[in-house]
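The first chain written gets the first letter, and so on, giving A, B and C; residue counts start at 1 in each chain.
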Amino acid sequence: MSGNHSNHFAECDNKDVRVPVSSFLTSIVTTITTKTAWFNVVVMLIILIQVTLRYGFNSGEAWVDELIWHFYAFFMFGLSYAITSDSHIRVDIMHMRLSKRKQRIIEVLGILFLIMPFTIIVFDHSIGWVHHSFMANEFSENTTGLPYRWIVKSLLPASLILIFIASLSELIKNVVLLIYSNTSTDKTLDSKKNNSLLRFFYPVIKNPKET
Amino acid sequence: AEDKVLLKLPVWFGTHLTGLGSSPLFFADTVNKSSGGSIKVKIYEPGKLVATKEMLESVSNGSVNSGWGTPGYNTGLLGKKAAIFSAVPFGPEAPEFMAWMYYGGGRELMQKLYDDNGYNVHSVPCSIIAPETSGWFTKEINSPADLDGLRMRFFGLGANVMEKLGVTTSLLASGDIMPALEKGAIDATEFSMPAIDKLLGFPKLLKHNYYPGWHQPSTIFDLIVNGDTWNGMSESQQATVESACKATMLDGLALGEAIQFEYMKANVESGVTNHYWSDEMLATFRSAWEEVVAELIAEDPEFGEIYGALNDFRDDYRIWQEWIYLPRPTMQGK
Amino acid sequence: MFFEPEYWLVIAMFVSFIALIFTGFPVAWVLAGVGILFAGVGYVTDMLNWTFTGLDYNVLGMLHGRIFAIMYNWVLVALPMFIFMGLMLDKSGVAEQMMNSMQRLFGNVKGGLAITVTLIGIILAASTGIIGASVVLLGLMSLPVMLKQNYDKPIALGTIAASGTLGILIPPSIMLVIMGDQLAVSVVDLFMGAVFPGLILGVLYITYIIIYGIFNPEKVPLSADHEPIGLRDVLRVMVDILPPAFLILTVLGSIFMGIATVTEASGIGALGAVVLTIFYKRFNYSVLKEVVINTMNTSAYIFGIFVGATIFALVLRECGGDQFIEEGLNSLGLGPYGMIIAVLFIIFILGFFLDWIEISLIILPLLGPVIMNLDLAVNGFGVVDNPNLVWFALLVAVTLQTSFLTPPVGFAIFYLKGVCPPGIKLTDIYKGVVPFIILQLIALVLVFIFPDLVTWLPAKVYAP
C-alpha cells in the first residue's frame, strides 16, 4: 500500500480514503443500522398478519396496528446510515463546481454548526422525556394498545446518538484530509505513521477491492 | 408591579370546530380584553407548536407555558382514571358535573392527579359541552351482535365499553377520521356533536347516527398552565384567567346547545337516519360499563378512589335530581 | 405599519436557509441546523430587547415531540413499504419487462414509453397519495428503461417527476387531508373535487409528450426492436405484463375501492413484489439484502427532510413567521379575485423554497376565514358545503403541486435525484421539469376560470 498516499488526498474522493478512527465509527453505525433495516421486512409480515386477521377472521386488535409503527419508527436509525453513505439530499448545483478542499471545509463547518448542535440539544431534551415515560409506565392511548411506550420513545435519543457518531466520523475524516492535503509528503506521513496515537488518524487510499 | 404574561396556548382541537374547538378562542378573547393588556393569549392550532400528545409534558417542563385539552386524551401517561375528569359513561350531565367539579371536590382531585404524576401544571376547568352523539355507522345496529367485529374510532372510558362488546377501538385525531373511514381502516366513528361531525363530513359517508350520548353525557375540558408561570402571575392575573375559564364553561355549553338542531334537521334532509338506541342496547351498554368499572377499579385503586368520590357525590345529588326536574321528553320507546 | 422587529428574524431565517442549501450541505441538516441556530439568535435579540420571541433553550423541548409525531404516523408507514416494492420490482427486472411490454401497446407512437410512465403515474397517484413514494417508485421502475432506450435525459426526468406529483391531486392525497383539516371543509368534497383537475393534468402531460415526440422524434425514440402491433402482439403483451400488472392493480385497486388501507396495501404490495421475484426465479439472499438496505437508505433521506422541516417550522413560527404572512397579505387591499390571485402567486413563490406541509400549515388556516367571506360566485349545486373554500383549496393544491417541481427546493426533484444513476445531475432534472410547470400553470388557469370543474363532481356524487 506504500507509495499511493502523498498528495493524492487533495483531489481524491472521500469515499476512496480510509481513516482508521472514522472507519471504526462508521462501522458502529453500519453494523447497527444494516441490522435494523430488516425491521421493514418485519413490518411487512405484521401487515400480512393484520390483513389476514381482519379480512379472514373479522378481528383486529389495536396493538397489532401499533406494532407496525413501532417497527417502522426504526427509520430514524437510517438517518445516520445515510450520513455515512452520503445520500442525504444536497442541492449540488454550485457545490460540485467547488474544489475538494472547499467542499471539505463546508462539511466540517456544517457538521459542527448544523448537525451537532441539533443532535445534542434534542438528545438532551429527549432523555427526560423517555425517563418520564418509563416512570409513568406510559401506555398506549388506545384501550387495547401496547404498553411500555418508553421503548419506542427511546429510539429517538438512540438514533440521535447514531447520527452524532456518523457525523463525528465524517468530521474526523474531512479534518484529516484537509490537514494531509496541505502538508503531506511521503516522509511526514511515514514518520507520523509510527506515532502510536496519530496512527489511528492516518489516511490511506483504499484498495480498489475495498471500495 | 406585575409582569406582562404571554400565554402561548396550543390547543387539542382545531378552532374551526365550533362549540368544541372554538372555546379557546372565546377564552383568549375574554382574557385579552379584560386583562387590560396584562395577559396576552396566543392560540396555536393542533400540532403547529407541539404535537398534541406531547402537550402535557411540554407544558409541565415549560417548553410552552399553557395548553388546552382534556385529561381523557392523556390516559397513556395519567392512567385511565384521568378520563373520569373528561366524561363518564352513564355519568353526570353538565349541571351535575360542574357541581361536582366546582363544589364537590372534583377539581381538587383533578389537580391532585397531575401533581401525583409529577406534572408541574395548574389545571383550570375551562369548557364543558352537552352530550355527544354515540356514533355514526354504515348500517343499523339492532343488537349487540351487530357491533361485534366493528372497527370504530372511540374516545375515553366509552371505548372500554365498546371493546367489551367486540368492537376494536382507536382514538384517532379529528383530521384522521374521515380518511380512515374512506379507506376502510375503520367502519364507524363517534366524534362530537352533530354540528361538529357535519364539519368533518361524516353525514356524507355514514347514514346512521345514534343517540343518546350515553358514553359522554357531558365533557369537561381544562386549561393547563405551567406551574412556574402560574405562580409567577399576579393575583389579579390569576383571577382573570380563572373567571375567563368560568365564562368559557358557560359559553361552551350555551353555544353547543344552540347550534345542534339545525344540523340534525339538515342531516335528515341529506339522507341520514337518526336512531335512538333501543332499551335493550342501552341496557347492554350499561351492564358492559359496570363490568368495565369493576375491572378498572381492580386494576388501579386510584381509579376507584376518584370514581368513588364522584359516585358518592352522585348518590347525595340523586334525591335533588329526582325530585326537582320535570320528566324529560325523549325518543325512548318511540 | 405592520412590521415588527421579529420579522427581521423571519427574513433572516429564510435568507440563511436558502444561502446555506447552495453550499451543498444536505438540505435536511440545513433545515434542522438553521432552526436551532435561530432559536439562539432569537434568545440573544430578546436579551438585547430588540425582539420579543420568547425563544430559549426550553422552547426547543418541543422538538423531540414533533419528531416523534413523525415516528408514530401510521400513514407514513406506507412510504418505506412502497419504496421496498419499487426497489424489488426494479432489482428483479420485473419492472423493465413490464414497461417494455406496455410500451408495445403504443406501437409506433413516439414517446410511447413516456406516455406509459404518465399512465402509471396516474394509477400510482390514485393509490398511494404519497409523493415521495410515487416519484421513487416511478423513478426506480422506469428511468433505467428510458435511459437504456436512449431517451433524452430532461424529457425522461421531467415526465417522471411531474407524473409522480399527480399523487397530491388525485385522491387519496395526504395533502388534501391536511388541507381539509386546516380549512374546515369536508375531505370527501376535496377528494372528489380533485378528480377533474388531476385528470386534466394527466391529459395535458400526455398531449405534450405526443406533440414533443412529433417535433423531436430522436429524443423520445422507440425501442430498437419495436414492431407494428397486431392482435397477437396484444395478447403476448398481456401474458407478459399480467403478473406484475396483477400485483400493481390489486394493490392499487384495493386501496381505491376502499377495501384496504394505504398502509395495508403497501405492505402487501411489498410482499407481492417478493413473490413475483421468486416467481421469475430472480430471488436470492443478496438481492433481498440489497433491497432491504436500499429501502432503509432511501426512506432515511426522505424522512431526514421531514425531521429538518419540523424543526425549522417551529422556530420560524416562534419568530412570528405566520403573523408576518397574515399581516402582509391584509395590507395589500385587493378585491376578492385579486386577493385569490395574490395568494396563489405568493404560494407559488414560497413553493420555490418551502415544502407543501409548511405552506399548508402556515398559510391556509390564516386564509380560510378571509376567503370564506369573499364575495365569490362558486356554484355548490346545493350539495357542496362551502363551495368557495373547496374551489380555493383545489387552486392552492394545483399551485402547491408546482412547488414539488420548482428549483431550488423541489421535493419531487430531490426524491428523483436520490434514485438516479450517478451520471445524472440536478440540473438535468431542473431542465426537464420546466415544460411541466408550464402545463400545471395552464391547468391552474382552467380551474380558476371554470370552478365547476371542482364542484360539479362532489355535487353529483353526494347528491341525496
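We take it that a residue touches a chain if its C-beta (ideal position, glycine included) is under 8 Å from a C-beta of that chain, and two chains touch if they have at least 3 such contacts.
Since we're looking at a predicted model, the values are computed, not measured.
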Select the category (line, ring, star, complete, other) that matches the graph of chains linked by touching. complete
Chain ID, smallest distance between chain and overall C-alpha centroids: C
Cα centroid separation, chain B vs chain C, in Å, comes to 36
Chain A-chain C separation of Cα centroids, rounded to whole Å: 27
Nearest whole angstrom, what separates the Cα centre of chain A from the Cα centre of chain B? 43
Residues of chain A touching at least two other chains: 65, 125, 129
Can you list the chain C residues in contact with two or more other chains? 60-61, 64-65, 68, 72, 260, 263
For chain B, residues contacting two or more additional chains: 53-54, 57, 61, 63
Would you pull the chain B residues touching chain A in the complex into a rising list? 53-54, 57, 61, 63, 73, 75-79, 117-118, 149, 151, 159-160, 163, 168-171
Of all residues in chain C, which touch chain B in the complex? 52, 54, 58-62, 64-66, 68-69, 72, 75, 172, 177-178, 180-184, 186-189, 191, 255, 258-263, 314, 317-318, 361, 365, 368, 385, 462, 464
Using the touch definition from the top, list the residues of chain C that touch chain A in their complex. 20-30, 32-37, 57, 60-61, 63-65, 67-68, 71-74, 76-77, 80-81, 84, 260, 263-264, 266-268, 270-271, 292-293, 295-301, 303-305, 307, 311, 408-409, 414, 417-418, 425-427
Tell me, which parts of chain A touch chain C in their complex? 33-34, 36-38, 40-41, 43-48, 50-51, 54, 65, 68-69, 72-73, 75-79, 81-82, 85, 87-96, 98, 103, 106-107, 110, 113-115, 117-118, 121-122, 125-126, 129, 152-153, 155-156
The answer for chain A against chain B in the complex is residues 58-62, 65, 125, 128-129, 132-133, 135-136, 138-144, 149
